[in-house]
Amino acid sequence: MTLQTQVPERRLTDAIGKALANRSFAIGLFIALLVAGTALLSFVWTPYDVTKLVIADKQQAPSWLHWFGTDHFGRDILSMIMVGSRNSLAVALVAVGIGMGLGVPLGCLAAARGGLLDEALMRLNDLVFAFPALLSAIMITAIFGPGAINAIIAIGIFNVPVFARVARAGALSIWPREFILAARAAGKGGTAITVEHILPNIATLLMVQGTIQFALGILAEAGLSYLGLGAQPPMPSWGRMLFDAQTKMAIAPWMAIFPGLAIVVTVLGLNLLGDGIADLIDPKARRQR
Amino acid sequence: MTAYLLKRLVIAAITLVLASMVVFAVLQVVPGDPARLMLGMNASAEQVEMLRSQLGLNDPLVLRYLHWAIGLLHLDFGRSYTYSVPVLDLVRERIVVSLPLALIALALSTAIAIPVGLYSASRRGRAGDVIAMGVSQVGVAVPNFWFALLLIYLFAVWLRWVPAGGFAGWKAGAWPALKSLLLPAVALALPQAAILARVTRQALLEVLSEDYIRTARAKGMPYRAVLWRHALRNALIPVLTIMGLQFAFLLAGTVIIENVFYLPGLGRLVFQAITQRDLIVVESVVMLLVAAVIAVNLLVDLSYALVDPRLRSRE
Amino acid sequence: MTAGLLEIRDLSLAIGGHPILKGVDLSIGQGEVMGLVGESGSGKSMTALTVMRLLPFSARATGSVRFDGIDLLAATEDQMCALRGDDIGMVFQEPMTALNPVKTIGEQVAEGIRLHTGAARAEAEERARKMLDRVGLPAEKFPLSRYPHELSGGQRQRVVIAIACALKPKLLIADEPTTALDVVLQKQILELLKDLVRENHMGLLLISHDLAVVTEMADRITILRRGEVMEEGETARVLSEQVHPYTRQLAQASMHVPKRRALSPLEEEMAPKATEGVASGGTSNPIPRPVETTLSILPDISPSRGERTPLLAVKSVSRLYPGRRLSLFRRDTPVYAVDDVSLSIAPGHSVALVGRSGCGKSTLARMILALDKPTSGEIRFCGQAITGKAEADLKSARRDMQVVFQDPYGSFDPRQKVERLVTEPLHLLEKRPSHAERREMAAHALAEVGLSASDLDKYPHEFSGGQRQRLSIARAIITRPKLVVADEPVSALDVSIRAQILDLFADLNNRLGVAYLFITHDLTVARAITDEVLVMHEGRIVERGVTKDVLDHPQSDAAQALVEAAPDLHRAIARKMQEQG
């Protein structure tokens, strides 16, 4: 009895130990948790109120009072980065959700059915890939109006073919394996095989792609809000902060440096996390990127 | 070989036609009346109606699409609503900025990435590899427009080597024009180079673990020679794929970068056209860029066949 | 043996701290063939890679390896590059991946010649041409401009041999050179190697897991186990005396025949003559449709006692594959993978389907398992037609017909535990068993194949290859099927494990009365465990009959070629005894 309960526990601690020994994974996880923690913290506490404009304090260099300095309205940059992280994370996360939610079933379906359906879905994929994603996102947000929701949809749409492609390629590499034949010989249908065998075996691939798309989503959102097409003021966003900083580059470079660093660190963390997951769960998954 | 070429060509053509339909359809659902926009708020209803029929806006949808698509084939993009000049003229004026920019960036990115990838793969796990990959890991995470701001701060504001923005124009000679494209190209190229270098290294390492590499080494070929003569060509396919994707990315990237540097290119044109609801310009430029992406993808497909004899004989 | 070409003394090797070789001694004289035998994980490939100095980076070797007076372990990389391909050539196991897919075979053969002799391109290509002619790839059919993907596995292995022997090395290392090939190709390649070695007076280090192959080829033999040399000596002496217990164990496992329930006299009488209803093989002109014959009728075990319907009846089944696409609108003529095949299997009987690789035997098996649809013809199982039925109507057929695959590593979902894996076919039962019942049944099935119930909560990677094949069998018998189709079920296993698995198959046949269809290219397997044999060649069944009769007196060309090429340890030892006295 005691043996039975001990074994899985030890396995779990072993697994955690092994995971943290992987440098990419450990650093990536730390950064991801830090960013997520900051975003959550900003709901209850920020050093300064980001909605209050204090013109007297405008464009102050970094100091003990304002670690990252203040902007042209006297708002605390650190507080704005904290609040802005919510927006970045939410947009990128939902966009990944849209991409996975639509792309993975489509990719699995194409792989399971093959033939004309596969061909048609892949041509549709080619079609979406022919549109430079960011350009189209700019078009979509510009036409349907700027804002976080439209940014999510615009970025999400272009995640769909990415996940469809990865899921299809992964599924196609699993389908000819003998254990799938064995499952078919055991009378399992296409849907059951996809759910029971294909998905668990491509989960790693999808997770790795998920972190990559998450990181790309943050970059894309920053680009859109830099152009004024993302979240609208007064809601702070990292891209918008960079836009505001541009004209003040000569006198207040910190206005550009810190929000940019926030983007770099977040994206870097997510990429490291993805590499780490790929390395840990399946060293071969990394190859398929 | 011919079958492979034909199939790729047909697919490219179908994609292009579908893409044109999508572009056309998306812009049909845009709120706002172009005729009203052109004439301004004071125009009477009759005036607007007259212009509408003049512009063919009252024709059935299919007819309007065909009219537009056939026009595209003759390079007749129509007239801009806001500038009241043929769109083709606008495009001609702007493409001399955007195309060199994208090409310089692509060349720069490739010229940096491939040697770095080769170097890293050949010294896997050693200090040089670790440093190169560490730098590239950060490079992948850098948004190009932020990188552009830093470059402006360093080279234009601080060192004053290059202008902070604007375009000197080609009439003043090649050098001033290139000088104003230099920083934007670097800003576009470096993050892409970081991605490409990683892909190159990864592809090479994968190929280096193949059996035929061992066969080549068993012939007595030194490791470096194996890397150049056997591994590189096999690793080219994933590298070419990424380069094709990056071209699309660079085109889109020009929209933001041209805004950062106030460059009068296609990207800035389309961005302004969107905000001004100058739909005919948006349609045309987007179509042009999509066509460019499809053409580049076709080129990548063809180069696969050059690299890999298996594709030449299959299908 | 005074002037040793290769002298390995006390070689120890560790990779990443794990010991692989422990104090290995091995020597090869000029023109001598040394056979290195061992099961997987014995370190035989690593010995070869140590000589080539192509080990992974984390490998540490100690001891001495001298080749032609040069200390290889101390040689610089430049010295090694000069030796590799010039004085030492190597042939690898997997011909499908050993050649660079983007370079022509001419380039790949000429490359080494140019590298070592500094010859001009034209001259090197001329020598490459001669070498390819020599290995059996004549210019008319195999110009230098061919790419590897245009060649078959056997042809590719010839190219690899041409690369290795192009400069007439003093030592040739062949690491399992024929393991990936079928027996007929194996014989051809081994003969080619033998001739090349004799012509050029090369030393040959032949590495193999197959005792019969090595006995056939080698002057002397070294037996390796877990990185240590067990025995070394003249081939004939080592194998005839079998002094070392491990040598004896290996030899016995190679010749193992499981104990089987003998055919009753009645059955023998009813079994058809070997040639009955069989068209002669090897002829390409249209041959009369083979008469469908029920090979045997076995009334005593099957529940359908006294019933004369065969368990499985395949009636003139064909499977057509569309030809290769030549252009957008043109296709090559379609290929018959299976061409008008009829056969039947009686309940409880064990039938072998043998043939060379690519003869269509696996395609036929898939159609029998209803995993692929025949282009024409009909397959009946337990009297019910299974062709053209919807998946839902196949339930009972699937329940009574299960499958065991070749690769013990690929046949399990790595993400599921044994309990789920083994019980997968249970959803075919009419009444869904409860969780406790499933576990009970799984435990029972495991016990049946010699595993314990404590294995239920393990993942497949925690098992060895032989244990996995047991799991595979447990999954196959959990629904108590009447027929198990086994596609090369032991060809990926070491000989000692192979003997155990064959015993298990025989035992289950005796106890549960399961009928088998064994698909194999290995005649020793067919001989060991089947009552009847069907010989397949180019999509057709060219010979059928009682296993012993067919294997002892093959009639068709295809069967004769298979029998002649099959390595046989008895025969090989006898021949070696004559040669070496």
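Odds and ends about this structure:
Letters A, B and C name the chains as they come in the text, with residue numbers starting at 1 for each one.
Following the convention adopted for this analysis, a residue touches a chain if its C-beta (ideal position, glycine included) is under 8 Å from a C-beta of that chain, and two chains touch if they have at least 3 such contacts.
Owing to the predicted nature of the structure, the values given are computational and were not obtained by experimental measurement.
No other pair of chains has as many C-beta pairs in contact as A-B.
In this assembly, the chain whose C-alpha centre lies farthest from subunit A is C. If you average the CA atoms of subunit A and of subunit C, the two centres end up 47 Å from each other.
Between the Cα centres of subunit A and subunit B there is a gap of 23 Å. Centre to centre, using the average C-alpha position, subunit B and subunit C are separated by 51 Å. Those residues of subunit C lying in contact with subunit B across their complex are 52, 54, 77-78, 80-86, 89-90, 92, 94, 97-103, 108, 111-112, 115-116, 147, 149-150, 160, 163-164, 325-328. Chain contact summary for the complex, subunit B toward subunit C: residues 2-3, 6-7, 210-212, 214-223, 229-230, 233-234, 307-310, 313-315.
Every residue of subunit B that touches subunit A in the complex is listed here, in rising order: 11, 14-16, 18-19, 22, 26-27, 29-30, 137-138, 140-143, 145-146, 149-150, 152-153, 157, 202, 206, 245, 248-249, 251-253, 255-256, 259-260, 267, 270-271, 274-275, 282, 286, 289-290, 293-294, 297.
Within the complex, the subunit A residues that touch subunit B are 123, 126-127, 129-136, 138-140, 142-143, 215, 219, 222-223, 226-227, 242, 245-246, 249-250, 253, 256-257, 259-260, 263-268, 271-272, 286-287, 289. Against subunit A, in their complex, subunit C makes its touches with residues 369, 371, 391, 394-395, 398-399, 401-403, 405-407, 410-416, 424-425, 427-428, 472, 475.
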